[in-house]
Amino acid sequence: MKRYTGTIPAAYTPCLPNGDLDLAPIPAMARMFAEQKCPAAFVCGSTGESHSFTTDERKAVAAAWKKHAPAGLDVIVHVGHNCQREAMALAAHAKEIGAAAVSALAPSYFKPATPKDLVDFLRPIAAAAGTLPFYFYDIPSMTNVVFPADRVMKLAAEAIPNFVGLKYTSSDLMRLQSCLAFEGGKYEVLFGTDEILLATLALGIKGGVGSTYNYASPVYRRIYDAVARGDHDTARREQLKTVRLVEVLLEHGVLRTGKAIMSLIGHDCGPIRPPFAPVGKEELAEIRRKLAPLDIFVSPIS
Amino acid sequence: MKRYTGTIPAAYTPCLPNGDLDLAPIPAMARMFAEQKCPAAFVCGSTGESHSFTTDERKAVAAAWKKHAPAGLDVIVHVGHNCQREAMALAAHAKEIGAAAVSALAPSYFKPATPKDLVDFLRPIAAAAGTLPFYFYDIPSMTNVVFPADRVMKLAAEAIPNFVGLKYTSSDLMRLQSCLAFEGGKYEVLFGTDEILLATLALGIKGGVGSTYNYASPVYRRIYDAVARGDHDTARREQLKTVRLVEVLLEHGVLRTGKAIMSLIGHDCGPIRPPFAPVGKEELAEIRRKLAPLDIFVSPIS
Amino acid sequence: MKRYTGTIPAAYTPCLPNGDLDLAPIPAMARMFAEQKCPAAFVCGSTGESHSFTTDERKAVAAAWKKHAPAGLDVIVHVGHNCQREAMALAAHAKEIGAAAVSALAPSYFKPATPKDLVDFLRPIAAAAGTLPFYFYDIPSMTNVVFPADRVMKLAAEAIPNFVGLKYTSSDLMRLQSCLAFEGGKYEVLFGTDEILLATLALGIKGGVGSTYNYASPVYRRIYDAVARGDHDTARREQLKTVRLVEVLLEHGVLRTGKAIMSLIGHDCGPIRPPFAPVGKEELAEIRRKLAPLDIFVSPIS
Amino acid sequence: MKRYTGTIPAAYTPCLPNGDLDLAPIPAMARMFAEQKCPAAFVCGSTGESHSFTTDERKAVAAAWKKHAPAGLDVIVHVGHNCQREAMALAAHAKEIGAAAVSALAPSYFKPATPKDLVDFLRPIAAAAGTLPFYFYDIPSMTNVVFPADRVMKLAAEAIPNFVGLKYTSSDLMRLQSCLAFEGGKYEVLFGTDEILLATLALGIKGGVGSTYNYASPVYRRIYDAVARGDHDTARREQLKTVRLVEVLLEHGVLRTGKAIMSLIGHDCGPIRPPFAPVGKEELAEIRRKLAPLDIFVSPIS
């Protein structure tokens, strides 16, 4: 089975100024990701404002990414939805368009009561994707569905033939180790909290899916490279830059700030959808001022 | 403006054994609600597994209720959705079919950061319903969007012309009083936690929307009547029966148990959708055994 | 067994400007409570900054209250402590000084894993008080020990001979009903959330322990009286005044503001202890301005 | 300033079968720690059931450790307490007995509202320890006091002359990096979640304080050694053993199981104090069975 290494951007979903979906920026974003040697794009995930788009819009986004992805850039489609049947439709669509893989998170309005209920929810979604690899996307901070990830992994491995691993956006690094070790490392774990990547490389992580990989992949490449050559001081120094980045994201709102940053690197993704407040000109200028000193971006932002 | 008094069932959404939507039971449910003197049915809400149905399914459910509701039974359509545009489509549809009112809860995967962000999210949804009365549905235990309800009410009153009040499913009875008193009681508050109704009648509540009103409205009518004649002992005794009911619901899972109870009173609503586990025959028999002694149901259940 | 009706102030613990314990104001406070027809004072509880005082200080406070309480004013001593042995010492002391009853909350740094563990923790504390009546003080918002209160009540009734009831500072009004009904109402429930008292009178509550009873007992007497004569409009209007009060408390910090209010009614209790910030002159003036219009206080505050 | 490297056991506090404090096992424990090359013992912390012992008992424990600690084994005394004045007394006592350093956590019944309120609470405690180094002990999972640790560090560095760093028992590895980098690494950070130590060594951690260091320091020494020679596979394999250990701890209750394990390695610490249930013979046998295969202990446990 294919394994991913390095930075997989969780792509933003571009909008027109009126909030309508805007597919136009996708080709250039896809080219940029390919140039950055990203092995794949993870589309329609949390960063892509999944739950804020209609099912038809999400299909259109996935199709546009698949159509414009240069050779070498896989398209992984997030199909998670509170409604299992919508998720199944999205998974079937991902299969049709030839996506590389699908992923789904837990339903979060109605919450599964047990890990088994969760896997029972996921099974038909994974099945709808046929033989595409299926990743469970664990993000308890957003879903409030908090189960030991290794327990979910075990149940999913038993019940879902195309289960291949996890997108792991959880702070539980104990369970992460258990997942990485499960059945001799048979399943992949893509880590999802960019600003602590270095800690997880030590535990055996090889690649990650994250929002800051959209615009700051160079700093992460330097982290991977430093670790590979045993230069931990450099790795820490570079990772610390991402901590400074995330401080700004937290201060202004992670998702809305991240999407606004895209405009600063020449890939304007337009406004964020409600319930998030748009980033106005003045706030954007302030964000730019705070970020300009950080040497982490794909292209200069000042 | 119209005000509701008494019990408004938050209707279950019927399914076929395979989980497909089943509109067939709706007419009889609507007649039963009318016979029970319920002033309205609240459809496609949490009890109706809102987030587990597609937008098209939700439209079909709302239309069926509107078509089959006897004179005197209003249909209030819950149109809340994580995706504002889906919610707007549902609200526009509710207007088209001639619903009596619409209601929407807060988005809960992506959460508004402030009460203002919440009201900005709701405004276009309410607008899509035209002049239909709009209720904000506050249910922080499910959404984890926890704002002072009176603050939201004030902002909504300013920003949303057709805002008429709240469906209040929160345990914060301090803010409830503030909402009831806001602008001299200009806005309606429908209470949503059936098993403590009596406590809120003392604060000025006149009616409620709840799941147990589907099958147990007689006990609540007795509570309203007892309060009206100042017979608090009877009111407490009757309310205590609903506490015993809810103990069983909590033990077996509120939503899945409630939907299963419908089959015990002759209005089989079929299985619940994932992520909830279905109630099997043995568990149903156990639930029936536990509930049979309670004198609260629309029709005998043993 | 004795039952309490009406308002039992959870007394503030007075301090000198340097933060040292100050017993001097206690006699006047005790007289004021007696004049207000309060049946008891609940001392060294949360309002009394229990956990911020040493065991010796808490003994001194309890002894001072007992010594100065006029006839008719019972002294209930809160002896809860994270350390069971400290709590036992406080309970034994309460017995020695002739307190009317003792109460203890759950340990909250180390938390019991089950209701049984909680009752096993409480049992020796209650035993140390000999035959004094023992109340379990349930306040999950502070302790994060969240068990169904009726379950704890049942276990305590079985295991603790001198268990007489609960001080109930929880928003769970469903379990409250179950507690009130347990064994035919054999156990007392004193309600602890003053600003929703009216809701709980409807459920059968007869009296309460709370912080605002220190300075605002008149408004609560009017509520009790209005309910007794069936005048619900007055009861709601009066209860609403306490909602306005609590809005100010919430805005400035409940405990620190409440203690500061004591100085506004002529019973200066001095500064609050860390970790709360003291209320300075300007903030006190602002609090006074906000509260002055409320007609609820023992004595004029402007 | 002195820096610690390696494993600092957060020592259990021994009790007699009746729950009374038992100082007798301390000398042998101290010798064992010294033999294991532990640079210090952290006494009267969470693992030492801090909040379950009286102030006098805590002083006796600290004094016994100081008296019996072999040369080379520092004694760091945890003096945190909900009551600031008790904490100050403990800090003054630690100074008197010649402890190497003191540490205190946040008050957790009454919680500071801001980082400044927290530091204002800590300042007099640190001052009471004179010139002894002072560590803030951040453990939000227990205290529910959740502030950005780097913000607390900055304020503490400004306000507390003898502030030297943190005992960091938080899962927030982003803020950890910021703390490690603060003022060029001027302050020490001792990590407190043993089972993810490896992740934090990558971020710059040099030593930790933890409960499993009481009985399993050999496995951690192998982790430190493997990392030092760049053998990450061995490091992961060894760390994974501790994950298996912690799974057993979580299953049976972390603190009560850990204390019981001491009896399995020949340092019986007696029963745990309430509110934790004691570990009976059968459960102990079951724990032994589960742990025996793990090659991590100071001495054989089967």
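Order of writing sets the labels: A, B, C and D. Residues in every chain begin at 1.
In this text, a contact is a pair of C-beta atoms (placed from the backbone, for glycine too) under 8 Å apart; a residue touches a chain by one contact, two chains touch by 3 or more.
Quantities reported herein were computed from a predicted structural model and do not represent experimental measurements.
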Furthest chain, CA centroid comparison against chain A: C
Chain A and chain D, separation of their C-alpha mean positions in angstrom: 36
Residues of chain B touching at least two other chains: none
Chain-level touch network, classified as line, ring, star, complete or other: ring
Residue ranges of chain B touching chain C (in the complex, touch as defined): 171-174, 177-178, 181, 193, 195-196, 198-204, 230, 232, 235-236, 239-240, 243, 246-247
Residue ranges of chain C in contact with chain D within the complex: 46, 49-55, 57, 82-86, 106-114, 116-118, 120-121, 124, 142-144, 253, 255, 273-277
